[in-house]
Amino acid sequence: MSVVELRAAVALLGRFPALSGVDLTIHAGETVLLRGPNGAGKTTLLHLCAGLLRPESGGVRVLGHDLTGAADRRSVRRRVALLGHATGLYDDLTVGENLRFWARAAGLSAAEADRRTDEARSRLEVPDRLVDQPVHTLSAGQRRRTSLAALVVRRPELWLLDEPHAGLDQTGRDLVDALIGDAVAAGGTVVVSSHELDRVAALSPRTVTLAGGAVVDGPSGNGGIR
Amino acid sequence: MTHVGYLIAGWGITMGTLAFYAVRLVRRGRELSGRVPDAHRRWLEDQGSDDA
Amino acid sequence: MSVLRTVLGDIRLVAARDLRIEVRSRVVLDQVLPFAVLVLVLFGFALDADHRTLRTFAPGLFWVTVLLSALLAIGRSASLDATDGTGTSLRMSGLSPVARYLGRTVAVLVQLLVLEVVLVGGIVVLYGVSVDDWLLLVVAGVVAGVAVAAAGTLYGALASGLGARETLLPILVLPVLAPVLIGATRAFDDALGVAAVDGWAWTGLLAVAALVLTVVGASAHGALVED
Amino acid sequence: MAEEPTITASTRDTTGSRGSRLLGVATLVGLAVLGVLAFVLTDPDVRIHPSTGDEFGQFDAVRMLYVHVPLAAMTYLAYGLCAVASLGVLIRRTPWWDVTAHAAAEVGTVFCGLVLVTGSIWGRPVWNTWWEWGDVRLMTTLVLFLMFAGYLALRRTTGDPRTVSRRAAVVALIAVLDLPLVNRSVEWWENRTLHQQSTLGELKIEDLTLFTLMLGFLVLGMVLAWLLLHRFRVGWLERAALDHSVAAAIAERRGETPDEELRRAVGDSPAAREGFDENDRDGDPEAGRP
């Protein structure tokens, strides 16, 4: 079964064609590494798959939904986790309040939200002493772990990770790798855009190269897909 | 006739504004027409090129 | 039934989030509230601090002050979803736009009511008004507050993410709130006993406006923040 | 109306068509006839008081109404069209509705502004004031004008064009809620307005006066149609010009990355990773190493 199916997909940011016609199929359980120069459209591709953008033209199916429809995009969004450049956390709320809010927002009951939040915190090794600290007092690495914990709580089917290793120390990077392993083991699909090519290579992903807003053959020819 | 000043002002402003707006629309239309291929202007089809 | 309970739960969740952020950051308490009192004082200076004049115009000055301060509070609450990618996270979360809208409206309303209470104290002390009809004052204050919060939350979302949103918000929302200003001022005219009008009739009109704005806001919010 | 340029246009580069030129000529003729009727053939409004025998009425100021009242009617029409088109934007998302909504709002706001100005100029001699604060219809019309001024300001802001058009549609739909208030305010708040209640139904006004007023509706309706047509075409062209450049931008973007840069970026050389910016946002495609 294919989780993501793009046919000549075009997406605009304002009037700029950030994606100029992407053909890409991603199957369930795959780990995909997105690579390409700055401005190649990696972030936009992740946003498109997340159901945040309406495709301008071409065919876009994610998790069985055609993303041209607003209702379909909404259904897709709640089954997908997107880790972007921003934290997605409320600066003035504490770590615990943020995690609880996002868990409850995903529709979990209070008890279930507490349980999963604790679980996610221990998986990402967010120490107890941080729980009652406002997010704005945390270091960049601690924030990123909190963001990831907020996503783990939702148990998504498709993970879209935009530069997940950026701003993390060695332990944090290992945690991200372990997390990707967890997700795949649980039957999830993971798409990572990363510059940490050596690190991600250890997860033996399929590599997809983007350039000029489209998928191209990698120059070295190892795994570029058309 | 009474109220001549008011009448001139009212009708004058109305007609003046409408004329000014119409001229601006025509000007903008001409300027844009040069930048867009004929195919995008469906209203040209019933017209032909007879008035060149 | 369970759908309704879910929506009510989500509304509470969103309202609690906004209010908790306000309690932590105290932007409305520390900045908007003093601004409101400052405006009252400036009106006093501008009208040459004549008690009779001030008492006559107190209802109007009160509501103009509320609207100006509300603009700041609305801008602040809209900005919560415009920083650190929280808006994107909300879109990904699955929270319904209706719950997001109503929750935020409740939070803005609570802040407006605090503001109104302080300002009523302000016009009593500074302008020397006395309250004739407390019940009317409270009911009209709450109903007008709902109307301002409903319109403000909608237009706050509408202006956010666009260029020049700080200047766009006032010119979009103030014309909509102009009728609310008229109705609330008339109701307060009656409640403060400065003019012989039927304050309850105006409060009825305010209620209609509040209802329409809330319904329109709840149904339009999805088209604004989702998509 | 300035049909002159359209009529004499000799190139294909116009927003005019044979139909719009005919309409333009007819409109100009209509305006001339309306002017003659309004200023020459109709009588001033002079009435004799039944008991005192004094003359009273609007006198010649009534001639202002032949343009003021039709302008107001056409404002309703334009804003109504804008509301319908805005619904179309939200439901169907096609550019046609979007361009129509924008055109109707802009032309409607020109008309609405003129309604306020002509009303004010007429009110000075007749009501003895430029502006009557207690008048509900004045208030609601002013609010309508301001809301659509906000709409046009929103239209001009920078932002994703699709986002702007949907948000503008919401603003328009809220703004037109004021339309029935403007229209019915005279009946609903009889004692709070100086405007007369609608007299058309009762035929209180004399034949030629009525005919002139009706002609006013027709001619200003034609003016509205002509302006809408041209404003729509201008909007359509603006849009086509953008679509045209997007198509070009897509083609350009597909061929923009030289193999050399790609090789460097995806890490075929050991030094490649340093060429990256941590915050890789889709923006400058030249951001790699020189």
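Order as written gives the chain letters A, B, C and D; numbering starts at 1 within each chain.
Convention: a contact is a pair of C-beta atoms (placed from the backbone, for glycine too) under 8 Å apart; a residue touches a chain by one contact, two chains touch by 3 or more.
Since the structure is predicted, the reported quantities are computational estimates derived from the model, not experimental observations.
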Separation of chain C from chain B in steps, with touching chains one step apart:
2
Greatest Cα-centroid separation from chain D: which chain?
A
Could you state the distance in Å from the CA-based centre of chain C to that of chain D?
30
Measure off the straight-line distance from the CA centroid of chain A to the CA centroid of chain C, and report it in whole Å.
38
Using mean C-alpha positions as chain centres, tell me how far chain B is from chain D in Å, no decimals.
14
Based only on mean CA positions, could you tell me how far chain A sits from chain D in angstrom?
44
Residue numbers of chain D (touch at least two other chains):
159
Among chain A residues, those touching two or more other chains are 54, 85
What are the touching chain pairs in this one?
A-C, A-D, B-D, C-D
Quick check: in the complex, which residue numbers of chain A touch chain C?
50, 52, 54, 70, 73-74, 77-78, 80-82, 84-93, 97, 101-102, 104-107, 134, 150
For the complex, which residues does chain D have touching chain C?
90, 139, 143, 146-147, 149-150, 153-154, 157-159, 163-164, 166-167, 169-171, 173-174, 177
In their shared complex, chain D is touched by residues of chain B numbered 1-4, 6-7, 9-11, 13-15, 17-23, 25-30, 32-38, 40-41, 43-44, 46-47, 49, 51-52
Counting only contacts in the complex, chain A reaches chain D at residues 10, 12-18, 20-21, 35-44, 54, 85, 163, 166-167, 193, 195-197, 209, 211-214, 216, 218-220
Given the complex with chain A, which residues does chain D contribute to the contact?
159-162, 242, 245-246, 249-250, 253-257, 259, 261-268, 273, 276-288
